[in-house]
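Report on one structure; see the data block that follows.
Labels run A, B, C, D, E and F following the written order; every chain starts at residue 1.
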Amino acid sequence: MRLPRFLTPSTVASAHCDLPCGVYDPAQARIEAESVKAISEKYQASSDPEFRTRALIIKEQRAELVKHHLWVLWTDYFKPPHFATYPQLHALFNEATKLAGAGGSKGSADPAVADQLLQKIEEISKIFWETKQA
Amino acid sequence: MRLPRFLTPSTVASAHCDLPCGVYDPAQARIEAESVKAISEKYQASSDPEFRTRALIIKEQRAELVKHHLWVLWTDYFKPPHFATYPQLHALFNEATKLAGAGGSKGSADPAVADQLLQKIEEISKIFWETKQA
Amino acid sequence: MRLPRFLTPSTVASAHCDLPCGVYDPAQARIEAESVKAISEKYQASSDPEFRTRALIIKEQRAELVKHHLWVLWTDYFKPPHFATYPQLHALFNEATKLAGAGGSKGSADPAVADQLLQKIEEISKIFWETKQA
Amino acid sequence: MRLPRFLTPSTVASAHCDLPCGVYDPAQARIEAESVKAISEKYQASSDPEFRTRALIIKEQRAELVKHHLWVLWTDYFKPPHFATYPQLHALFNEATKLAGAGGSKGSADPAVADQLLQKIEEISKIFWETKQA
Amino acid sequence: MRLPRFLTPSTVASAHCDLPCGVYDPAQARIEAESVKAISEKYQASSDPEFRTRALIIKEQRAELVKHHLWVLWTDYFKPPHFATYPQLHALFNEATKLAGAGGSKGSADPAVADQLLQKIEEISKIFWETKQA
Amino acid sequence: MRLPRFLTPSTVASAHCDLPCGVYDPAQARIEAESVKAISEKYQASSDPEFRTRALIIKEQRAELVKHHLWVLWTDYFKPPHFATYPQLHALFNEATKLAGAGGSKGSADPAVADQLLQKIEEISKIFWETKQA
């Protein structure tokens, strides 16, 4: 769960580019992961070989974006004090990005795998928004 | 304003890749535009020439992403019936993408220009969520 | 056959990057669309599964470039007076980019769909060159 | 002015992706090089430091595209018999791509350097169209 | 000088794409970081504003590649048993990617910062090759 | 096994970006080509259609990177005196990049084709290191 946007102070800064601009939001990873899940569902529901090939092509790209957005949060947003407060955070990101890769939703078109990925992103998101309020 | 996520039915689908997956969200354009605004503010606040050059490099990339995300919504999400219902929609997207480009927040590091861009995105977002509920 | 370059006036200008440089040319979209058509023809003519998978991978990329080049023309080259003179222009671009996407030549490997895309680009090109002479 | 498309024979084929699709056209490199030249002219004509920084950012990208389009022609379109017929072709491409790079129009914002690049592309284009007619 | 290739056992495998192919090599990150260092040195040695702007543009790209190659190693090559054996590994990668980003060699054109980055990559490389021999 | 870094002279320079930074290394092309070979082997060893489609997607990307890294060496590192000393160099690069493309390891998933590519890269690498010592 995320604070509705009208409750987040406009000064809530973050940074998702490397200026850094200070605008981070786990929604970026989540949206791509939702796409991965939807693609997996459509893949399973289709028997058209052209559609299924396209689904695998596009799922590969979207899962790569999940990895990228998560890596950016892990390296650019989270700082040593966060890792001290949340000792599981390193492993959580490592598992989440693995779940977006070959051993997860890249290697599998099973929507259940995409769901596991979404759950990990939700765990990260929860911690993210806690640190924003701290 | 957007419905808080826990109020949006999990079946709220959309599609932001060209499968299409059915996962669209104007938040993607908005987050990049918020980055453009934050970069512009930091640019104005700095007198370090290296920092300012980096700010222009990164603003160029982020504004390009704004354009891309808006173009995808315009071409891939919105359908002829939407354009019939919202006759201003074509011009709105054209103005918004121009505001992200050379005549807008690429060509200018004025946060007020980025604010105009964010307002256009908010107008688009409002229409988007109306069509999702229809 | 093409007009030899020494017969094309050096003042033929345009603009396709966001400086803007002022160098626009619908040929960029057309060349990619011709590629999409040729890929579709080769796809239909082949029964080699590896070749056909590669054709779908590459057609996806080329069709994305068609969309991008058209979006750039629509946002960056055409100005409000053009849209006033050509009231069909917004819809024309929207239909053309849709024809390059999932509902068109991305979703289909039918050369006839690529032909429809080429015709839309030709319509745009005709208007483009009229505006250059105005 | 350009030859209207209905006067260009539909059999003008080529190939620019690695399927290969068979659609090659040196116009792709030329258009980007014209952009590089126009950017250089605008750079020289401006004294606005923000504009000039943006010009260098964008010129870098456009010149990279020139290199890419030329490399594709050299590797993918031209075949051993062409190199036998045009023994200068290897050096011509090497010089042209160098003129697009650090020692040429990337490293310099002098429009005269961009002109040299355009002349090399014209030489390549002339040979290209000769081989298409052979 | 490098070991001639015929002396490197053909079984030296690794994996750097998400098939995964099994071909990983920290040299990819190191080469980009060496580029970052060389760019920083040339930046400091030059007083030409065009050259310096280009140096910042390119350094940004190369440092981004350092981050990407390191992230791939961290997520795709290293497995839970490695993290158990090398408990410092998570922090090491986090620090190394931070040193490639805004707080490190993106934000600074100081060759000493690039040197710190190279040292972190060397630490990672040492562990990497130990795990390959295990 | 690789030579430990502390044994490689720090003066081993090169240059792989277009500043130029002076950091070139044929290892970049070789690592991608090793990936292409490993992907081809895994493709042949698998009968899983999803895995095989993913292998073709990723092989396409990796082979493109091989072409890019080779093109950069050919245009940016090698200079006219090198081409005078090694008259076969142009053809060697042309053949190597063709072997990475549609007529080579893009068009074929035969590991033997990837091996031919690796051999060409090794020939280039040998010349490269000779010129570095000259």
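Please note the rule applied: a residue touches a chain if its C-beta (ideal position, glycine included) is under 8 Å from a C-beta of that chain, and two chains touch if they have at least 3 such contacts.
The structure displayed is predicted, hence computed values, not measured ones.
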Touching both subunit A and subunit B: give me those chains, sorted by label.
C, E
Quick check on the contact network: minimum steps from subunit B to subunit F?
2
Pair of chains joined by more contacts [C-beta pairs], A-E or B-D
A-E
Taking each chain's centre as the mean of its C-alpha atoms, give the chain farthest from subunit F.
B
By Cα centroid distance, the chain farthest from subunit A is D
Angular offset of subunit A relative to subunit D [C-alpha, multiple of 5 degrees]:
180
What whole-Å value do you get for the distance between subunit C and subunit F if each is reduced to the mean of its CA atoms?
33
Quick one: report the Å distance separating subunit C from subunit E, using the average Cα coordinate of each chain.
39
How many Å are there between the centre of subunit D and the centre of subunit F, using C-alpha atoms for each centre?
24
I need the residues of subunit E touching at least two other chains; which ones are they?
18-19, 51, 53-54, 57-58, 60, 106-107
Let me know each pair of chains that touch one another.
A-B, A-C, A-E, A-F, B-C, B-D, B-E, C-D, C-F, D-E, D-F, E-F
In the complex of these two chains, what residues of subunit C are touching subunit F?
50-51, 53-54, 57-58
Within the complex, which stretch of subunit D touches subunit F?
18-20, 60, 63-64, 67, 71, 74-76, 78, 83, 90-91, 94, 97-98, 101-102, 106-107
Residues on subunit B engaged by subunit D in the complex (per definition of touch)
53, 56-57, 60, 106-107, 109
Once bound in the complex, which stretches of subunit D touch subunit C?
1-3, 5, 8-9, 12-13, 15-19, 21-23, 25, 27-28, 30-31, 34-35, 38-39, 42, 54-55, 58, 61-62, 122, 125, 129
